[in-house]
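Consider the two complexes below, in which chain A is the common component and chain B and chain C are the respective partners.
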Partner chain A sequence: MAEDLRTERKGLILAVKDLPTLPKVLDEVARLVERSDSSTEEVAKLISMDQVLSAKVLKMVNSPIYGFPGRISSIQHALVLLGFNVLRGIIVSTSVFEIMSENMVGLWEHSLGVALASSTVARAAGLRDPEEYSVAGLLHDLGKVVATVQLPELKGEIEQAVKTKDLMYIEAEKEVLGFGHDRINAWLADHWKLPPNIKEGLSYHHKPHLAQLYPDMACAVHIGDFMARVFEYGFGGDDNATYLRPEALKRLKLKPADVERILDHLCEQFLEIADLSFS
Partner chain B sequence: MTQDTDSGAAGGGFARPQIVTLLTPDAEFAALMQGLWPTSVMQITHFARGRRAIENLFNDPPDLLIVDEDLADMPGLDVVALVKSENVYRQLPVIYVISQEALASGRDWLAAEIDDFVARPLRPAEVRARVLLTLARASRSFDANPLTRLPGNTSIIHRIQELIDRREDFALVYADLDHFKSFNDKYGFSRGDEVLMMTARVIVNTIRSLPGIRSFVGHVGGDDFVFIVPPEVAEDACRRLVATFDGIVPSFYDPEDRERGSIQSTDREGRLRIFPLMAISLAVVFNRDGRLKHYGEASQIAMSLKKKAKENPKSCYVLDQRRGDPPPFAPDFPD
Partner chain C sequence: MQKLPLSLARPGMILAKPVSRADGIAVAAQGTELSQGLLDRFDSMGVDAVVVEGNPVNLEGAAGDISYEKRAERLDHLFRKHAGDAWMGQIKKLLYDYFKLKAAGMAAVKAAAAPPREG
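Let's turn to the complex of A and B:
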């Protein structure tokens, strides 16, 4: 792909000003922050289900204006540091998708599923701060959303390529855009000064064996992505199960018995949120 | 919730008459200024020449300096430069009086340390608005901490004394960080500043999350903060603050130190030591039924409570349990 076309597309993607979300969670959060008796925990729990609101909150709290860029990877902490005033500002300035496609709803569900699965994997592997793995899982496909918003004319082409050529979404992205959403994630994470562990989860979830700084994060999200697809919770853009890299299981010291235990646990968790819908 | 500064300037009335020094050869302008406010609001001293005014400015700096561009004996900007080049006078706000011609031909506005201007012809309504806005702006920013922008010492003392004088019940909480110095030594000042910014934000938002109260947050300097809340919510505020601070602070360490839960750094004697992660210590002084007479009493009680809080290496708060006793003798421990 021509270097200048890539640069142009990268510029377009990073220029994202208005990142819309789905109305359901937005409405609920708006209602919650208007009440004087709602707690930060309640609001954080709700925001942690929406990849766009979560991304906006983390982008804001990690911006240099607040004075500690790249430090905060927890939604709960971000909300305490921003305060309800700033959060209200974010909520009122967030728009919703004009056309809510079925695929978008599916992507939101998939992201929530991966969030849940990634933190479950992290817990099973005995990693510290499993909530941070949940955040990385939630945001692992954010690049797909941003590309859809900023390069809408290419979105159809990608979906077409997935269908006609039976490609994985990431393969179709590479064919149409010249790069995958993992690369977009890395650009966004740098541009928004997201913490390095979150960045690693976002940009290496398809190739966890290459992660250098926070391989645990990349591995947990990789396995989480695989599991959400196994349970067919939501829609990640294609119907294929991803290839589960054995290196990821090895790195987290997860044995087949552990994987089984995680799957059982997730089965219950997915049942619990089965009624939840973004549409 | 109000997070107001100590001056009532923004709200209309000033807490005391404002002192204004006016340097202009223009007798008409001087008369206009004198006519805008009664002397109980604005006390204006007029000088037609620059040199005579300078000693007066340095000895007894006003709240506002208004300088005409052309003084008989020197350019107005020279007076401004003289005042603004000294750190102790820099916060004195300056309004510059300029002609339309000079305005049109331009000035080096970035170099001239002027806070605002009025252009001839001088209209009373505009002059009045400019003067009030400049004073209000200066009172907002004059002792704000340069890092966190929270009100500084003068505002803090003023606020405490004001509450004492009004015999209002309040809880005054002194907050500081344990092991901040060792963190700074190991990670450097800019990482230390990150922690201070975080701490300021945590205090402000924790207190704001208590519904429907009047409160005040100030930054004494370094890792010392204060806040004032109604006595009945003080303990709840402290409990929330400790929990939030302890939850967030590990994020400010490198992964290895965070994992270990401690850092290696040098102590005050220069010896290598292991330090735990930073913690927040809170000392709470209550003023009930007009017990306190002076700001100094509050800070004295707080300092002895703080020593108690510091004995606990973890984040904690210590409440002043005395009821109406005089402040205790506080031995001067070497810190």
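Let's turn to the complex of A and C:
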């Protein structure tokens, strides 16, 4: 594909005026967080002013994905327990998925499944702050959503290629767009100023062995994606098990017994999140 | 184990998980056999779904419907691009054995349970 066409498409995807806008409150919150003299109380108060947004955030943090079902009753409590990065990720995901049409419900379910599976993997590997892995899982296919919104006419072409040539979605993206959603994820992460560990999870979940800065994050989301696909929880765009990188299991020191524990947990929990909608 | 909307739950099914009201107070324990009276009470309490043993209702394609037998069967299709890859073959076998074992466990539970009553 000609280089200029590729550049043009990157431009189209990142055309800021059409990108899903994040709630204004997020900018103000980000400014507040950067100041050293701000308190969680002030930050919580600011988020709570947007009632619709805080209701969505609370619904999400109280889902089994984050492991505190039904126990977080306020934004402030959520901030203390989960930290600002996680809250920020949840706000980004609800804002982006809100614009999705009905026919992308499968991708939302897949994202929820990967969120649950990624944090389950992180817990099994004994990693700190498993909630951050949930958020990276939740956002790992953001690029697919945004590409669909910005280049709707090419989405049909990608789906057609998946079907007729039996490609994986990312292979079809590379054929049609010239790049995959992992690249789009990296651009979006910069654009929306996501934290670097989350960015690494988003942009390296297909090639965790190449992640340099936060390989644990990339590996956990990689394995999470694989698990959600094996259970066929939701629909990520194609029905394939991804190639499970042995390096990822090795890096997180997961043995077959750990994998079985992860599977056990997922069997239980996939049921629980089945009625979590994004609206 | 299957999560069902309350409208599809029937007397005779066994709860695989406790049922709680929206405020978190548990109203029925795991292992309880559902009766019409219990279902009516759940309804009036605003409970909208229950998790029951086995896979009594065919919710084909619904998210969260996990039938182990079906998961094992689907592996051939899901792993079709990795045929001949020794490593992925190992992973597939681990998953296959896992789902088969789970399916056998479920079948044993089902066989041990009393046959569902009529009505």
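Going forward, the second predicted complex is superposed on the first by the 186 of 279 C-alpha atoms of A that agree within 3 Å, B and C clash if a C-alpha of one lies under 4 Å from a C-alpha of the other, contacts with A are read in each partner's own complex, and residues count from 1 in each chain.
Everything that follows uses one rule, which is that a residue touches a chain if its C-beta (ideal position, glycine included) is under 8 Å from a C-beta of that chain, and two chains touch if they have at least 3 such contacts.
Everything numeric here is computed off the predicted structure, so don't read it as measured data.
By the document's definition of touching, neither partner reaches A:G126: not chain B, not chain C. By the touch criterion defined above, A:T40 lies against chain B but remains apart from chain C after alignment on the C-alpha atoms of chain A.
Once the two complexes are laid over each other on the shared chain, residue contacts for A:F231 go to chain C alone; chain B is not touched. Taking chain A as the reference, the larger set of touched residues comes from C, when chain B and chain C are compared. By the document's definition of touching, neither partner reaches A:P152: not chain B, not chain C.
When both complexes are overlaid on chain A, the residue A:L271 reaches chain C alone and has no touch with chain B.
Shared-chain residue A:F84: touches chain B; no touch with chain C.
Applying the stated contact rule after C-alpha superposition, one finds that A:P64 touches neither chain B nor chain C. Applying the stated contact rule after C-alpha superposition, one finds that A:E260 touches chain C and leaves chain B untouched. Looking at the complex, you find that chain A touches chain C at residues 70, 109, 113, 168, 229-234, 239-241, 243-244, 246, 256, 259-260, 263, 267-268, 270-275. Remark: chain C residues 1-3, 24, 49, 51, 62-66, 68, 71, 74-75, 77-82, 85, 87-88, 91-92, 94-95, 98, 102 touch chain A in the complex.
If you check the complex, the residues on chain B that touch chain A are 147, 193-195, 197-198, 201-202, 204-206, 208-209, 211-212, 244, 247-248, 251-252, 255, 259. Against chain B, the residues of chain A that register as touching in their complex are 36-37, 40, 66-68, 71-74, 76-77, 80-85, 128, 195, 197.
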